[in-house]
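Note that chain A is present in both complexes that follow, paired respectively with chain B and with chain C.
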Partner chain A sequence: MTSSLNIFSKEEIRKALKDGSFTLHLGPFSHLLSGRGDALLDFLIDTYRDNRVEMSPSDVTDVQLSLEAPNVLRRFFRPQVTPNPGFEVPAMPLPLSMSALAHEMGLNLSVALKCCRFVNVHAGVVADDEGAIVMSAASGAGKSTLTAALLQYGYRLFSDEFALIGLDGPILHPYPRPISLKQETIPVVREMVGDNWISEVVKGSPKGDIAYYRARKRDLARDQEPAKAKLILFPNFEKGVQPIAHQLNPAEAIMRLVPASTNYSLLGEPAFRAITGLVENTRAYEISYGSTTDSLRLVEQITGKKML
Partner chain B sequence: MASSGDDSSQVWTSDSSQYLSVMYDDTHLVYFKPSGETHFLNFLSFGLIDVLSEKSLTIDGLHELIQDRFSLTADDIPKSLLISTLAELDLAGLVSSKRVKEKL
Partner chain C sequence: MMRPIGIKQITGRSPLPESVMERIKLIQYADANHVLGQMASVVNAGAEDRLGEVFRNALLRAEHDHRMLQFEMNRLEHALTKSDIEPIVLKGGAYVALRKKAGNGRRVSDLDILVDEDQLVEVETLLKEAGWETEETTDNPYDQSYYREHMHELPPLRHRKRGTIIDIHHRLLPRTARYNVDVNAMRKMAVPLEGVRLKTFNDVDLFIHSAVHAFGDGSFDAPARSLVELSMLYEELSEEDQKHLPQRASDVGAAIPVSVALWAIGCFFSIKNALTQGHHLMKFRRHYILRWAIKSKTLTGRLSTLAKAFLYIRSHYLRMPLYLLIPHLTRKAFAWRPLSKKPVELPFP
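Right, the complex of A and B next:
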């Protein structure tokens, strides 16, 4: 039986994390998590407060993530943490105070490389009643900021990290984890959504300063409602650039989506069918812009949906 | 294994059960099952594997048939272009060739 995380006491959550019986249910996945320390505990209690959890292990879990010290010494002396998703990953040990980052990195690695019920494409996804917008871009291209911005204009969060494309039809499945914000995007999104929605900043991480924009309760409540794609965007933020949208033909869109998939090669033929199916009847654009306002104007022009 | 292609004793073939294809405008997206790789082919490259999946042909037979199929002349599609394209498709595994004994 699942309950909202915020009904449990800090000690109950601490014990479940220590015992390895803390199960987080989100979108199509269940995650069995374990770890220690106040940094992880405080992050989960704050950023995952509205998520459905169980304090006993589920029969079947998609992800099993343990946040562990890299060795006995680093458990006690200048404690460090590293994500262990159950397979070898090149994860750098982080100070225990950066447990939030280790947790999010661990979940991303687990879903990217281990969850093969969907074609996973590195992309932000939001949706309204007309369908989903998939935004695929390399890190730093403005995907998270645009995702966060669109949430303020009637879209619901599917994911900031993964477009999960169904293997039995080109349908996108929600996985509304917190939105990861890096460096200068933190104040931009903070101004957009307010202080209460942003986690404490993890300072000086290997990725620079990191904070997380908590998923909204109403988006979490709809995490079992998939959507068809209505638009595919390849955002490109560049300071000072004139806003421009360039329509891509389906083959160009596929050429960009295939390398952005983390499990295309593993899935093979079903992944080919899923991605070609997704692109069929969906327009795709490369958009370049120098500000969030410009990016929203471009989305307005392309969708015809008034936002600003 | 890739071969030079310019050999009248070689017969070229392709197996359409080994790939999936989708056409977008003038681009064909081909998923090759044995390698798990996806290839983007222009009309000529796809035309070659399409023709060869219907009928095994020598380079000369293929040259003739491809001109006929796409209403091209020998100047439009020189044999050297055909040979180099076949070599690339051979490397990708999308076509293969075998040597046949010449009649005495």
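Right, the complex of A and C next:
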């Protein structure tokens, strides 16, 4: 039986993490986690408070992630942590205090490289009753900020990281992990959603300052409800730029989604069918903007749905 | 530490453990030892439950490898059209092409082929014309000449565009090896693959080569996979082939590795016939350290590091005489190695 994480005591969670029996259920995946230290514990208790968990798994899991010291020395002397998803990954050791980042990176690597029951496309996804908006962009293009902003206007969170497209039909599956915020986007989103929703900032990581925007309870409650896509966006944030939307034809959209997929070549034909299926009945736009308000206005224009 | 029954459970010879944590550990062990796909293809799981999804995931990964393999075999055939060379596809490539049980769900990372020693120059030239080139880690004068002088294969070739690797063998063991397996006798009995100009060993020789690879040469580097495959290949031999196996092993000079292999699968999978055959082929009751090391390395026991060291030393002892081995290992130990290539670029924070 799964229960909300916040009903367990800190000591129960600490023990389950130490024994490697802590199980997180989210969207289509279950994750077995092991790790140690207060940094990890405090992060999970705060940011994953409303997630469904088990202190001991009731079934086998899709992902097994162990956050461990890179070697014996680093358990004790200036302790470090590195994510071990069970296969070799290009992850560098981080100070133990950055366990939150190691945890999020480890889960991302596991899903991106190991889980192939879905086509994984690096994209933010939100949805309302009419369908999902897929936002695919490189890091730093404003995808997370736009995702966070749309959540304030009637959309629910699918994911800030992965569009999971089903292999049996072009349907998107929710995977509402916390939204990762970098550097200057932290204060922007903090102002948008309030202090309560943002995790402690991991300062001076190899990727700069990082913080996480907690997934909302109502979004987590609907993590088993897939949706069809209604819009595909390729956001492009650039300071001082005039807001503009440029419609792409299906072929252009496909050619941009393919390289953003982490398992396209592994899956081959089914991945091609899933991505073309997704694009087929959906409009796709490249949008450029210099502020969050501008980006929301563009989405308003394209969807015809009043937000601001 | 994995219990011996775990290896049986991977091949579906024993029911899966009841305890969920034990099940997860078994899956992790199978995944880390690259046999999760093979496990998924023989162990029944309901399509709807989580185990079924984990298995489906593993099979999808193997399907990718098999597509890659099929394409590489096609490209190889294409590259050799100018010649009349018909290479023999070895190991995983053969199991997959022949639709052997051992090939179902098997991960394959490269293509291994066997050609006549006289054909080496021609094959290498034709493959290089078709886009394969010297693989970067062995692209130095020492490795190049070491492979060519002493080994049983050419230094690996990597395709310029596709990045795939091909290993061209001309024997099954290094030139300097203590055992001398009669590869010509095996090549004579090779069978053509349907519809292509490639061949594979016959069923008996497939088992023999697998045994030679696991116990006659390497340091038993993929213990679980070797055992799983040997057991599946043995199980699929016809009754007649099984009877014929020990004689054939002696004829081609592979009695020792085959007897060790028969003992190992007999012992891990309780296959009585294999135990008896292994025992008749070679009375190696005295080899208790070898037997202990094989068990310990497979089950990752407390002394598995010691077992690994023993098997490593044994593999080198079998590979070449000391006057060649000592300078080689010394050089390898002190060799300057360039830093590895830049890590894979991943599209996330």
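To be clear about the criterion, the second predicted complex is superposed on the first by the 307 of 308 C-alpha atoms of A that agree within 3 Å, B and C clash if a C-alpha of one lies under 4 Å from a C-alpha of the other, contacts with A are read in each partner's own complex, and residues count from 1 in each chain.
Keep this in mind: a contact is a pair of C-beta atoms (placed from the backbone, for glycine too) under 8 Å apart; a residue touches a chain by one contact, two chains touch by 3 or more.
Given the structure is predicted, the values throughout are model-derived calculations rather than measurements.
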{"item": "First, second, both or neither for A:P70, with chain B first and chain C second", "value": "neither"}
{"item": "Which of chain B and chain C A:C115 touches, first, second, both or neither", "value": "second"}
{"item": "First, second, both or neither for A:G268, with chain B first and chain C second", "value": "both"}
{"item": "First (chain B), second (chain C), both or neither touched by A:S30", "value": "second"}
{"item": "Touching partner for A:G131 - first (chain B), second (chain C), both, neither", "value": "neither"}
{"item": "Which superposed partner A:V258 touches (first chain B, second chain C, both, neither)", "value": "first"}
{"item": "Superposition-derived comparison: chain B or chain C, residues of chain A touched", "value": "C"}
{"item": "Partner chain in contact with A:G290 - chain B first, chain C second, else both or neither", "value": "neither"}
{"item": "Touching partner for A:P95 - first (chain B), second (chain C), both, neither", "value": "neither"}
{"item": "Touching partner for A:N249 - first (chain B), second (chain C), both, neither", "value": "first"}
{"item": "Chain A positions touched by chain B in one structure and by chain C in the second", "value": "265, 268"}
{"item": "Residue ranges of chain A in contact with chain C within the complex", "value": "21, 30, 32, 56-62, 64, 86-87, 90, 105, 108-109, 112, 114-117, 122, 138-139, 161, 180, 182, 207, 210, 260, 262, 265-268"}
{"item": "Sites on chain A touched by chain B in the complex", "value": "249-251, 254-255, 258, 264-265, 268-269, 272-273, 276"}
{"item": "Parts of chain B lying in touch with chain A, wherever the complex brings them together", "value": "20, 22, 24-25, 27, 29, 31, 33, 36, 38, 40"}
{"item": "Contacting residues of chain C [partner chain A, same complex]", "value": "20-21, 23-24, 27-28, 31-32, 49-51, 53-54, 56-57, 60-61, 63-64, 67, 343-344, 346-349"}
